[in-house]
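Just so it is clear, A, B, C, D, E and F label the chains in written order, and each chain counts residues from 1 on its own.
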Amino acid sequence: MLGGGTVTENKMGIGKLALTLAITDGNEDKIRERYEKHGYRLLKGQVGAMDAGKIFASVETAVIRQEIIRETYHEEHALYHAISEAFNAYCRGPVALDNVLRTTGMVFSVVRGNLSIGDSGNGEWIAVVLYGHIGSPRRGFEHEAIGLGIQSI
Amino acid sequence: MLGGGTVTENKMGIGKLALTLAITDGNEDKIRERYEKHGYRLLKGQVGAMDAGKIFASVETAVIRQEIIRETYHEEHALYHAISEAFNAYCRGPVALDNVLRTTGMVFSVVRGNLSIGDSGNGEWIAVVLYGHIGSPRRGFEHEAIGLGIQSI
Amino acid sequence: MLGGGTVTENKMGIGKLALTLAITDGNEDKIRERYEKHGYRLLKGQVGAMDAGKIFASVETAVIRQEIIRETYHEEHALYHAISEAFNAYCRGPVALDNVLRTTGMVFSVVRGNLSIGDSGNGEWIAVVLYGHIGSPRRGFEHEAIGLGIQSI
Amino acid sequence: MLGGGTVTENKMGIGKLALTLAITDGNEDKIRERYEKHGYRLLKGQVGAMDAGKIFASVETAVIRQEIIRETYHEEHALYHAISEAFNAYCRGPVALDNVLRTTGMVFSVVRGNLSIGDSGNGEWIAVVLYGHIGSPRRGFEHEAIGLGIQSI
Amino acid sequence: MLGGGTVTENKMGIGKLALTLAITDGNEDKIRERYEKHGYRLLKGQVGAMDAGKIFASVETAVIRQEIIRETYHEEHALYHAISEAFNAYCRGPVALDNVLRTTGMVFSVVRGNLSIGDSGNGEWIAVVLYGHIGSPRRGFEHEAIGLGIQSI
Amino acid sequence: MLGGGTVTENKMGIGKLALTLAITDGNEDKIRERYEKHGYRLLKGQVGAMDAGKIFASVETAVIRQEIIRETYHEEHALYHAISEAFNAYCRGPVALDNVLRTTGMVFSVVRGNLSIGDSGNGEWIAVVLYGHIGSPRRGFEHEAIGLGIQSI
């Protein structure tokens, strides 16, 4: 490994928190418990689709149902942009599934809180992570993808 | 948390391995030791730049120096596309730093091996993860970003 | 306000004319009358859709019906590119509505004539403006957007 | 003209306000006076460049100097995204000037306030408009372009 | 004509071979015969669609049926990226047909072998060319387009 | 080979003419002679660069010097868009060279005339083809690319 710990790595940011929640497999409760104490609200869900619009809808619905955001346009707009950035990253280019003959199954995590623990001076933010497999509509012809979007809220 | 463990989460894929290596802070040696036994080659480095070309160059140089790939065009081409996909995801749109007045500091991880542990039937792949902070060229005006690119090699 | 009037602002260009027609609310007839004297042909219409192709079709149909262009491929091609540029601008990225879970309602204006009043030396051009609201398919969860495309014809 | 007045046209939105301020030539003071009464903060400036990063820098500097936003990362982030969306629209595709051999001169307007007059329930927003001429680095070989970006703040 | 023959032109590359096969009209058999001797595998087919996904599916199906690639994910992934690059080039921007009101009819060629004749040191590659007409869904309102994608396999 | 000759293949279009001129190696004079009789104007040149703007400039300069277009903005605008489309296709995504650590050497061809031989009813068009090698700034680490842009003029 090159170098040692860097500033980048040393503090738990809202992005790394959402990433950790998305890729863990079994520690969800422990993570949630630990970070809710620091004022974070966390959510994890899953969705599969060949229709890209369904990914947006599934994340939005879960976030509103679990009351991670208030149901105002102001907050929904920030959430939409966070999902949109995460999905563009996940697709490594413009959002596209069926029209480029791809399908995907993914878990998503959403975290709301400070940019990093204790950084209350910079207000609240929302982070969305999409992590899953993307590929041909044929069993096993797929590899992993991830996307992270962060917006001020 | 919605749902339980999914197929997506249950096996360690090359992408999740590269993600874990990128976002860990101190467990690099343990991770490397554990997965080298399964035939993976792993690398972690860091780079900061306002010039996007420098990110490509830094990752390529580190990969070649640590002999993760052979120095042929066939393998370099796969690596280039993996970096390119990761960087597009990191930027959540076309690769752009100085021309949109952004700068970044990041760690990168590169993993070479099977798509998931023991999946030797699908040949070798290379995964590149970029994880760091991106923002205005002004201390503290930045948030996290991540990108993952995977190519057959 | 910084600075004073600039060259940019001092002459009425075909783009500003189409913008003015699009965002006015009641002065359409006055604008049309005034600029038809200078050889411009002007059109204003409206369309709402979650299907992006429908926006292209509605503008094309209105333009042909009102004989702003001749029904040849040469002129239709220039119109198509003007609509396409305006719609890319409106979407602030690739044209996308339903697949990123957005819907829109807009007015459109089309103007054909010189680049600016009296500038007959540079031939004829076509300007397309799309102005409206874009957002979630949910009442009130939307904000304004605008796009302008200009092509030689 | 097709149709009559639509909902789209009937209320003054923050976008139309910024558009009107950008394309007016002489009524800046009147516009500012009228809308400051409704709680809006308005700014107009100008910039010319072949270097895209300079456009971002000029708008940010003017906005901070005139105290349209507080100098926190939370507000700067919203402003950055509004500029970025406006500039993508202006370029009708990815932000690009010198690397595609284009140059531009533009005026910009920034407005902060409610989404439309009296709509205090949806919180504060920021709108950025870029309006000018884009073309070859050769006198007169250029046409108009416009971009609008709106973000919650 | 400027200049003389350049290195670029002097050797038959896999790309030029696929281009030649795509745009020829009657010499397919001669071309195939000549280059199969050098270890190349060649295919030519045709497809028309307003649905972009169908283009991917038609090329993939033809390639697999004619056994140009082995039916493994490793090889299918390289093919998919080659098609995707060719289709992006063909569309001169993101892959888009019906949602931007365009339709297309095309021939496609696929070639597998060395980067250029005798260049066995750089391993095997796959080249995909799409050549046809793209335009409005209206007879004769269309012009030519071409795309080439090359991937290591 | 699938299918037989199609409409797509049977007539010589302006695009195929520019493609043939670009990829030929020695038949330039014969091609030029043959098609000038049908009213076409043809040009071939070459350029190498890591700076994308230089590609635009080289093609524009050659076209103006050889008087393929009149030196008006109306015609230069059509040429610019044709180059831009060809270059986007060549890059298989947004125009980018040095900022994604790529360099290129290419020949370019430009053809002005009817969409296909004898099709005078649809007016004049301009076709630009870029054909060459793109890759790492390292000898031999490159593969072929092609781009075609067509505009009404």
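In this text, a residue touches a chain if its C-beta (ideal position, glycine included) is under 8 Å from a C-beta of that chain, and two chains touch if they have at least 3 such contacts.
Only a predicted model underlies this, so the values are computations on that prediction, with no experimental measurement involved.
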Checklist entry - Touching chain A and chain E alike: which chains? => result B, C
Checklist entry - How would you label the chain A and chain C contact, same or different, if same means the shared numbers make up over half of all numbers there? => result different
Item to check | Identity of the chain that, by mean CA position, is farthest from chain A | outcome: F
Checklist outcome for this item: Rounded to the nearest Å, the gap separating the Cα centres of chain C and chain D is 18
Checklist entry - Where the CA atoms of chain C average out and where those of chain F average out, how many Å apart are those spots? => result 30
Checklist entry - Where the CA atoms of chain B average out and where those of chain F average out, how many Å apart are those spots? => result 37
Checklist entry - Which chain A residues reach two or more other chains? => result 73, 77, 93-94, 96, 99, 115, 122, 125, 140, 143
Item to check | Chains that touch, pairwise | outcome: A-B, A-C, A-D, A-E, B-D, B-E, B-F, C-D, C-E, C-F, D-F, E-F
Checklist entry - Which chain A residues qualify as touching chain C in the complex? => result 51-53, 56-57, 60, 73, 76-77, 80, 84, 87, 94-97, 99
Item to check | chain F - residues contacting chain B, complex | outcome: 93-94, 96, 98-101, 135-136, 140-143
Checklist entry - Once bound in the complex, which stretches of chain B touch chain E? => result 72-75, 77-78, 81, 115, 121-123, 125, 151-153
Next on the checklist: Which stretch or stretches of chain D touch chain C in the complex?
Outcome noted: 1-3, 5-10, 13-16, 19-20, 23-26, 28-29, 32, 43-46, 62, 85-86, 88-90, 92-93, 105-107, 115, 122, 125, 127, 131-133, 140, 143-150
